[in-house]
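A, B, C, D, E and F are the chain letters, set down in written order, and residue numbers restart from 1 in every chain.
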Amino acid sequence: MSTIVRLVDETTSDPRVQAIFADIKATKQTDRVPDIWRALANHPEHLELCWTRLKAIMKPGKVDLLTKEIVALAVSVTNGCRYCIHSHTAAVQKLGLDAEAYGEILAVIGLFNQMNRLVDGLQVEPDIMPKPWQ
Amino acid sequence: MSTIVRLVDETTSDPRVQAIFADIKATKQTDRVPDIWRALANHPEHLELCWTRLKAIMKPGKVDLLTKEIVALAVSVTNGCRYCIHSHTAAVQKLGLDAEAYGEILAVIGLFNQMNRLVDGLQVEPDIMPKPWQ
Amino acid sequence: MSTIVRLVDETTSDPRVQAIFADIKATKQTDRVPDIWRALANHPEHLELCWTRLKAIMKPGKVDLLTKEIVALAVSVTNGCRYCIHSHTAAVQKLGLDAEAYGEILAVIGLFNQMNRLVDGLQVEPDIMPKPWQ
Amino acid sequence: MSTIVRLVDETTSDPRVQAIFADIKATKQTDRVPDIWRALANHPEHLELCWTRLKAIMKPGKVDLLTKEIVALAVSVTNGCRYCIHSHTAAVQKLGLDAEAYGEILAVIGLFNQMNRLVDGLQVEPDIMPKPWQ
Amino acid sequence: MSTIVRLVDETTSDPRVQAIFADIKATKQTDRVPDIWRALANHPEHLELCWTRLKAIMKPGKVDLLTKEIVALAVSVTNGCRYCIHSHTAAVQKLGLDAEAYGEILAVIGLFNQMNRLVDGLQVEPDIMPKPWQ
Amino acid sequence: MSTIVRLVDETTSDPRVQAIFADIKATKQTDRVPDIWRALANHPEHLELCWTRLKAIMKPGKVDLLTKEIVALAVSVTNGCRYCIHSHTAAVQKLGLDAEAYGEILAVIGLFNQMNRLVDGLQVEPDIMPKPWQ
């Protein structure tokens, strides 16, 4: 549900939206299209840009999918995005993160939200620099 | 350097601060105390609370240290904390993340900062819920 | 409704609040006072400061009202403020922004929430500077 | 300049990066590639995803380019992104926004960063809802 | 209630959690454990780290408890954290802040969320520096 | 200094700006106008709105000035605003906050930036509600 836009029906006759909805279901191996994609579908070009880009970035690469979903969760918690917190928590769970590991991840997220602000408050200049990557 | 407080010297005579500085160097296997800890040392009780807690949370557990540092980086980038972005980028690099994997992590951080705001803008209600953890 | 304070009734006997409520309804051409103003009315001096300032800033000037409401929406989405997202989406709609244009605006909001964080993550120094305005 | 990664040289021999750099210069009608794109070029696939998507979203459509750049500025100021604030201020200036109109835009950005937090503090529930778009 | 984790029952048989729950009730002089602590109790070590640290920081020191709770409220409103806004508003109220003083605090929170963004937008360099503390 | 706009000179011939500059110096008991006000002075109407409102909100009322400046600092640190962190740290120092009390305030700011995100991550619903204020 969205209180801003009407969700586009999964049975839409728009072929571009149909194709993306089918790809979302196949890629995520679910039998329904999550509401965020149905909301974005009011603007098919933007739906396509978002989905193709998310699909490209979230495929396993040098970094595995679970780590990528953990990053998505860390970002979503830091931004306080309710929908995303629910969906990325569900995702890390489905990918096998157990309760104890989840607790550790959450602790790290909380810790650095604190440390970031202590550093900002004290206005400490960077003293540990990365080297050029090889 | 800090433009807000004087950094406490590593040769401080305060035994509580001395002990923590020694532990920081031993734990991080470095020969100098990073400036954030020298800035926090103006308030020894708070220094101790922060360090003992960071040490407890950042030890490898069910989740390995590299994943924890990746989470720290995701939080720091989302909050725009300059010092922390530099130090956690240096940390993931030292732990072996290569340039390509770093590029993937950064892409995920950028992607969900976008998706979080699209979801907020559309006010989509959560439709994917985690199950109670076992 | 507010879960923090009681909303001041539109029939309040406080003459200062009465005058502002009347001005809000006249300016916005509505027959009810939005809840945010009824919540702020618990502190009449602050209500007056907020309303007179909002009225001064949101009058059409060199920049038209629709553009100003689009800016208000961009800020509110970036901050994740539920009430404000609803009211400014309603405002841009009432001022004639159609579904397609709304979709474009939302896409831009999402895009730069991503780009801002990529730039922060990479710590790129400004290289494109505005000139002094004439 | 970036303190995190080396900037990829404009004379790079990577054909994919070369093509994007050329397109950036043609599209923006400038003779140099802004540093953010040279930083992203360390990961050519991500560079391509970002650039093609930015180009698609930032082309004039139902909404003109100046309004899109104003939205980009509002997002960047709200997120406090230094590089982006400079580049989008330069962009709105180049597109003809004069000093007075800029002052009005900035005032609106400031105002709603305040109003968003007053609403959050008072936890006011949405009472003004958009209608389904036609 | 939490939609992410099961809340640990107050009658839990885990002795570490039992001891902390008892301490929370004694310290806060309430007869029930607030839900945030019951949610954190799924990970007893993290619960303990959070509670002992919060207890140490929130005891009256050079700064009184009401001022500390006002700071907690300012942070929570700026971050838009619903649960925390409710609980810290209740806390300042219980500690004797009256409606008028609350209105003044909220006004200050709103004001500097605005001023912060105006300063960011104008990219003004610091010109007022604190002296080294004695 | 500002990298976005020219700072209006204190010797400006604009009588409206002159009057506000004089009032700023008298109110703050300083002999120079802080750069943020000189930057805002490019748009005299906005300068006046900001200054008169800040002056009204920051006068001592039911809440004393030091507490108000502490709130301003908490907001500025949470938003990561460099200029504001410096100026409000200088302000609390000038108003008599000593190093130990400052350390306590900073600890509270850090703590609730952490707690806010833990609560968001766990999506805990409010269970402690304020009563209607008397």
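Simple rule for what comes next: contacts are C-beta pairs under 8 Å (C-beta built on N, C-alpha and C of every residue); 3 or more make two chains touch, one makes a residue touch a chain.
Note that the structure is predicted; figures quoted are calculated from it, not measured.
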Exercise. Higher C-beta contact count, A-F or C-F?
Worked result: A-F
Seminar exercise, completed: Greatest Cα-centre separation from subunit E belongs to chain D
Problem set entry | Chain separated most widely from subunit A, comparing mean CA positions | F
Seminar exercise, completed: dist(centroid_CA(subunit A), centroid_CA(subunit B)) in Å evaluates to 21
For this session: State, to the nearest whole Å, the distance from the C-alpha centre of subunit A to the C-alpha centre of subunit C.
Result: 28
Problem set entry | Shared interface positions of subunit D, touching two or more other chains | 3-5, 42, 46, 49-50, 53, 57, 78-82, 85-86, 89, 99-100, 104, 106-107, 109-111, 113-118, 120-123, 126, 129-130, 133
Exercise. Given the complex with subunit E, which residues does subunit D contribute to the contact?
Worked result: 73, 77-78, 80, 82, 85-86, 106, 109-111, 113-118, 120-123
Problem set entry | Residues on subunit E engaged by subunit C in the complex (per definition of touch) | 80, 85-86, 89, 99-100, 103-104, 106-107, 110
Seminar exercise, completed: subunit A residues touching subunit C in their complex are 3-4, 42-43, 46, 49-50, 79-81
For this session: Give every residue of subunit B touching subunit E within the complex, in rising order.
Result: 3-6, 42, 45-46, 49, 53, 56-57, 126, 129-130, 132-133
Exercise. Which residues, counting only subunit B, touch subunit A once they are in their complex?
Worked result: 1-5, 34-36, 39-40, 50, 53-54, 57-58, 61-63, 67-68, 70-72, 74-76, 78-79, 81-84, 86-90, 93, 98-102, 104-105, 107-109, 111-131, 133-134
